[in-house]
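Labels A, B, C, D and E are assigned to the chains in the order they are written; within every chain, residues are numbered from 1.
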Amino acid sequence: MDRAPDRIVNTPSAATGLPTRAPLLSKPAWAAFLFALLVVCALAPVANLWVPPDSPLHLSDYAVALVGKIMCLAICALAMDLIWGYTGILSLGHGLFFALGGYVMGMYLMRQIGREGNYRSELPDFMVFLDWKELPWHWALSDSFAATLVLVLAVPGVVAFVFGYFAFRSRIKGVYFSIITQALTYAAMLLFFRNETGFGGNNGFTDFKRILGFAIATPQTRMVLFVLTGIALLGFLLLSRWLVTQRFGRVLQAVRDAETRVMFSGYNPVHYKLAVWVISAMMCGVAGALYVPQVGIINPGEMSPAASIEIAVWAAVGGRATLVGPIVGAFLVNGAKSWLTVTAPEFWLYFLGALFIAVTLFMPRGLMGLLRRGDRS
Amino acid sequence: QTSGNTIKVGILHSLSGTMAISETVLKDTALMAIEEINAKGGVLGKKLEPVVVDPASNWPLFAEKTRQLLTQDKVAAVFGCWTSVSRKSVLPVFEELNGLLFYPVQYEGEELSKNVFYTGAAPNQQAIPAVEYLMSKDGGGAKRFVLLGTDYVYPRTTNKILRAFLKSKGVKDSDIDEKYTPFGHSDYQTIVADIKKFSAGGKTAVISTINGDSNVPFYKELGNAGLKAKDVPVVAFSVGEEELRGVDTKPLVGHLAAWNYFMSVKNPANDEFTKKWAAYAKAKNIAGHKDKPLTNDPMEATYIGIYMWKQAVEKAKSTDTDKVIAAMAGQTFKAPSGFMAKMDEKNHHLHKPVFIGEVRADGQFNVVWKTPGPVKAKPWSPFIEGNDKKKDEPDGKSKV
Amino acid sequence: MTPDLLEAGAQRLATHEAAARHATESGGRQAGFARPAVPGEVDVTHGRILYLEDVSVSFDGFKAIDRLSLDIAPGELRCVIGPNGAGKTTMMDIITGKTRPDAGTVYFGSTIDLLRHTEPQIAELGIGRKFQKPTVYEQLTVYENLELSLRTDKGVAASMRFRIDSAQADRLAEVLHTIHLADAVTRQAGTLSHGQKQWLEIGMLLMQQPRLLLLDEPVAGMTDEETVRTAELFLSLKGRHSLMVVEHDMSFIRRISDIVTVLCDGSVLAQGTLDEVQADERVIEVYLGR
Amino acid sequence: MFRILLLLLAIYASSAAHALTPEQALAMAAGETDARIQAVQQAAGAADPQATQLLQALADDAVKVAGNRVFIVRGEQAVDAVSGQPADLPADAEDVISNNRMRGEIETALAGIRLFSTDARERAQAVRSLASEPDESRLPLIDKALQAETDASIRAQLELLRAAVMLASDDAAKRREAALALAESRSPATRTLLLERIAAERDPAARAAMQSALRSVESRLAWAERAGQVFSGISLGSILLLVALGLAITYGLMGVINMAHGELMMIGAYATYVVQGLFQRFAPGAFDFYLVAAVPVAFGASALMGAILERGVIRFLYGRPLETLLATWGISLMLMQGVRSVFGAQNVGVENPSWMSGGVVVLGSLQLPWNRIVIIGFALAVLAAVAWLIARTRLGLFVRGVTQNRPIAACMGVNTARTDTLAFALGSGIAGLAGCALSQVGNVGPDLGQSYIVDAFMVVVLGGVGQLAGTVYAALGLGVINKFLEGWAGAVLAKIAVLVMIVLVIQKRPQGLFALKGREA
Amino acid sequence: MLIAKNIHQYYGGSHILRDVSLEVPAGQVTVLLGRNGVGKTTLLKSLMGLVPIKSGAIELDGQRIERWTPYQRARAGIGFVPQGREIFARLSVQDNLRMGLASQPSGTPVPPQLFELFPVLKQMLHRRGGDLSGGQQQQLAIARALAANPRVVILDEPTEGIQPNIIKDIGRVIRRLAREGLDGRPMAVLLVEQYVDFAEELADHYLVMERGEVIARGPGSQMQGVRQLVAI
């Protein structure tokens, strides 16, 4: 991963004595970025598909699945960083947007199963089971991949917009905002758990067969999804970086520090918060859509309050307002989880808990804080 | 799949998160069975090496761990899962990688996979007999039914089947009250009040498919609200000895549960099983069980599963999935239930006896009714429309 | 040309212009009919840039502002004094939309009803404010604080495209110089001393180029010498901008004042030149002391 | 074959009104349910003390059979059921298992005997037992009891019972009379009975009387139901309040986003469990008072843990509230796993002491469980204590001051470190009290805390952070609203509706219900 | 009474206080002047223990206190009026004053003299501190520091935002406090002030700081040149 410099303005320019704008990425950061892109798009596929399994350079299917999954989660962490790290709004409901994106994709994948389900029906199994005779209205567009792509962005986007508009307009701040986002995702979880809601209840969607006509469980399809996820992650990183280096990003930080002052400077914080909130939600939606075909299941558990808190934890572990930090945090925490649940199944929670405590106590600015000590005090 | 002198087997039960309450003990049961087998020389002359992982009650993590067990650890078989959703989550992985899963918990049926052996009960091995009993004279001759469950697929399916069954017995829709509560629901005041009200309309029984944590508050409320088993009996399908550990059972005496095994059944196989478990729990210092060892139905099912797999491997002389699947057909095992459990020749489910037990003051069950012998499982319940056309055999098996 | 020279020049020019404008009721513009009202443009043809009438507000029964009426001419520098708790800050809160009055009217120019606008809208209309307690973006650098305050399109889309141009950069440099923070451009604002924050906040106001500046105790915590410089700065702004300054520092007021309004218990107690006001027995009684 | 013979013998014997014979005893204890029931009914008719004892033992599952002999086994001691003499229990003795039906019969039989007990409470209990199944065959028994009964309230109950039986009389006038009498009943069983009889009634006058009786019973039942709903709302509210009170201190006042709050409750619940165990082992006689000892222990255990956490972790995080989220999340993971390691992953059993079991019957049909009543009282007591501490003591003042401005509070001479530790320990201790209370209504397991943490935060935030009064209103409001919605829309939808309502209320009150308006807010 | 010797202090890498020494004798008013950002507040915070000093010594009545925590120093008798008021916004005026009594045994009443001095506080006893006007808050901050009847009182720009007649009162009070305290015992007063006229009136001693160093000091009667020093 690259190490984008966090400072936006740092070097005073010779001519005016004024600082110049920070570039989108510094030279070494560009190099790191391009290298990461190369790894994702070329090295990983080669190592997985063409290097023979007994070679030490071989990348196992398991690793592909694992890293693919974590990259999706890292997108969420990145989205969380925009809204929490830069704007100071702690969302405890980002899991909802992730799940919504996932459900949109899941609906498409369910339809792709066609008549190969248990009941050999055009309808998804759980609908046959509930004695439904036709698709409910909210499944109308689910057989179109194009519509699915639009909805993956639109559904979380619209939900976030409506919710955010009212919340920000009412000047709900701080923990009050955090708690209502939690209430939102919790309510959504209960709603999705209900079988009558039409999303498969507790089981959610699983047992997918195809995506765009390609079998979903082949190494090739999986690698394509992996590459797409990698590109999405790096793309969102670049997008986020661009956003925060623009004046937009500085207004966000200003909102975080002194919202009243922002208003008296003529900015409408509602618009700014809403914009970043919706962008952040849509990023999560994309992450969810990429996640579902890779892990093969989506269910309301993703909307549980704990799942959303975890996203915040990744961001905090990595280091807020650093962009790269949350990605690192997502990799570290989830990697540790995957590793420890096997090597120390009975003790891994101690390690993970201790990790969180240690990070807060000894690395107040997260892992990235270690790399830039003394940058801000 | 066999490396050197050991054969690896995976154990995939949640040791943390909400399901740890139920699943942890299955991990220990599996470890006990493996230790026993190893003590007797292992399988095919090789020792079994358990690979324990913690999927942490997280369904996607179940799938990930399965992939890891099958591709990284190359285990010969996996014993695991409790909830149906976790099974659904791992199923595609087992099918893709042609692995082998032994699933030890009663479930809703409506599924058959060549890569799974179901050692828990199908609805006809638990729910249907229980309701028949409730309607009988001894069971109290119930005429009205409250179907109370946690809102997820197992209770929903079971209740769908039961509704159809009750209908076939002439029970009117107005005499059936179906209710669901969310997972983890902890305040049953309203529900119990509703049951009380409903039961004023005639002899009523409650069929509870409440799962997990909600059972304790439900039973506590029931006890304190004065609903006695002789007035309104509750029969539960997910409440066993382990669940009652957390409840003061004195007010619950007489409420019922239906299972394929109770710790209290008396027979030599069970005596041995419970003794071994008590000794094992003590030796391994298993929290809770070292002081008060309890066995239950899913533990028995886990135990049977491991032994049957061992027998099948020995019969096949290989741990190759397809060969083991073929060899599993018709395997028998003298189960702690006291009966000879048999793996069906075709449908991957066990033939098991059905017991109905009444709660005793000590948290154990008195068996008040049982089937004369093992019952064949019907994973495709005849009470569900369209199931009559289903094959009683997983697809793709014939390719072996 | 150094910024200092520029500043001195501007100041002289401004003083001259202000004097000229003050000669007329409308602040240098023709009073007249049928002039097209430009939306968003402040209409000062009636000679008033700010107009409060019968404004009242109370908190839990306590009348903080009580039927307050007050107006300010374009280009005027109005000083407002009054005892602690007289309602000066509350009045500014009302003008900037932070507090909604229970009754009364507040107009910006003769067409814009401020009570219908939100805080950011009011700021966009051209009213800038310095708070009694210095309020800056603590996590941002001095440079970023000023840059954010630049007068430009404050919309979301615009903020994603924004590039500072050379005129704006020059202006920023000039303001930096004026507020003595040129050495501290890259310092985080949170680490400035109290007085430095006061200056920075004034600088942010200058960047905003508002039509009307509301300054709540701008020289609190400044040295006498800096107070003098601030006075000069305000005088230089007078004419181009309208200012309302709240202060308790009489020497500062003396330096800058034309008309002084004395607020007490939420309404105007006295108004006039400083000398007039200082001679008023009631003002001496409640405020100045003997 | 042999059994049937025995049975015949037994019937013969009993009709001769002899004392309990071995055959009779065996017939009651072993064989097919139908035959056993018959034997029990016979024994009840005889009302001989030995038979009564056997019946009681059967009801208590304290009977064993070996061969032809029946034993009553209480504790270690076995006595021969027939002779009443102590006896050695043969090794092959088997438990007698009674199913629900059997148990019901035994109970009725006992009730028939107890109707003439000298203890008024026993008689009242017996009437209540008989009331559930009015049966004509008991009419002589009831009449006899009525003649003997002196206690007015028991008489009234007996009259009602008699009326219920008479409702099936052949004489229409008597049926009418019975119906009129039944109008006074408060029992849901009367409603069932009336409904049944109305369907069968041919006589118009009797029918009208029954219908009017039904109406009055139903309206009384409806009142009871409404009262029940309010009670359950308040009960849920009191639990939410208990759960939220500690958080109102650690989070509301101190600003620590304490994700481990639930686990501190869990510690309180496990402390209760441990105390229970100690009582069981060392003071079984005083078992009913274990809860009294458990309250301070639960408080102490959680407070101690809270103090350790504060000293070890939290105190480094003041002024960084969001980071407390991360650290306490970690702490909660560790505490949960810690409990799993020590006590096991499964739930542990905590029993209600006998004075908290069962309930008090009000309005005839509404049974209010004692454990819930006690918890409501407990919650109020804790609330009063917390309110006093925060509003009236210096510690309360210091806590509020310290959390608002730590350095300046220190400059005023407040030992901020000690204040913080005390306050956090106090909040944690209250969480422990909540855990102790929860152990009386729900699960005690490693996940106990997780199921309440979200609710706890909702309550504190909805009420307004730092506003104790707000917390109270939010808790009770949510409890009652939730219960009313639940009665109407079901548990799942009610919960969703309540969550949506929280979102909407905060739109209107962005600082919680009880935000004080002010400049700084 | 209060003595600081050779104090050095840093924020991160920047050297804020360079070898500052001063003495605040009881019964006298010591005034500290200096331009914005020279380190006056930092020095006071160091004396109070709010920021750690790198080296140097602080003595109170001959006792070394530089390792003490702020609350120990408060209990030893140092009262502090911070710059920017820093009142407890969500506590009532009364509770703010009770906080000022934290170093005293519980039950100590608020000295009634304070209400004579700041009558507005009496009127607003039950209003929340944060709702007060700026000047009222400043008065509250002073009253709060005096409530515990400290031996040494440190005031950081106490007149900021206060109306002129009350400033005059405050001046009188400070002088009186120095001479006789609240209870007849003289107090040591250390005052940071930008308002030179006011300072000149009160000062028994003065010090001038520049870039973290004391560049001038002397008796209050000889402050004529100070105005120039404080200017750029």
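Criterion: contacts are C-beta pairs under 8 Å (C-beta built on N, C-alpha and C of every residue); 3 or more make two chains touch, one makes a residue touch a chain.
Which chain is which protein? Per UniProt: A = Urea ABC transporter permease subunit UrtC; C = Urea ABC transporter ATP-binding protein UrtD; D = Urea ABC transporter permease subunit UrtB; E = Urea ABC transporter ATP-binding subunit UrtE.
Just so it is clear, the structure is predicted and the values come from calculations on it, not from any experiment.
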item: Pair of chains joined by more contacts [C-beta pairs], B-D or D-E; value: B-D
item: Chain nearest the overall C-alpha centroid of the shown protein atoms; value: A
item: Rounded Å distance between subunit B and subunit C, as computed from the means of their C-alpha atoms; value: 76
item: Length of the line joining the C-alpha centres of subunit A and subunit C, rounded to whole Å; value: 45
item: Euclidean distance of C-alpha centroids - subunit A vs subunit E, Å; value: 52
item: Where subunit C and subunit D are represented by their mean Cα positions, the distance between them in whole Å; value: 67
item: Shared-contact residues (touching 2 or more other chains) in subunit A; value: 190, 193-194, 346, 349, 377
item: Two or more partner chains touched - positions in subunit E; value: 11, 131
item: Set of subunit C residues in contact with two or more other chains; value: 59, 191
item: Of all residues in subunit B, those that touch subunit D in their complex; value: 15-18, 20-25, 137-140, 151, 179-182, 184-187, 189-191, 193-194, 196-197, 200-202, 213, 216-217, 220-221, 223-226, 229-231, 233, 242-248, 250-251, 253-254, 256, 286-289, 358, 360-361, 363, 366-368
item: Subunit D - residues contacting subunit A, complex; value: 257, 259, 313, 316-317, 320, 322-327, 329-334, 336-338, 341, 450, 454, 457-458, 461-462, 465, 492, 495-496, 499-500, 502-503, 506-508, 510-512
item: Residues of subunit A defined as touching subunit D within the complex; value: 84, 90, 166-167, 170-173, 175-176, 179-180, 182-184, 186-187, 190-191, 193-194, 305-306, 309, 312-313, 316-317, 346-347, 349-350, 352-357, 359-361, 364
item: Interface residues, subunit C side, partner subunit A - complex; value: 96, 98, 118-121, 123-124, 128-129, 131, 135-141, 143-144, 147-149, 154-156, 159-164, 169-170, 172-173, 176, 182, 185-186, 188, 191, 204, 208
item: Residues of subunit D defined as touching subunit E within the complex; value: 394, 397-398, 400-401, 404-405, 407-417, 466, 516, 518-521
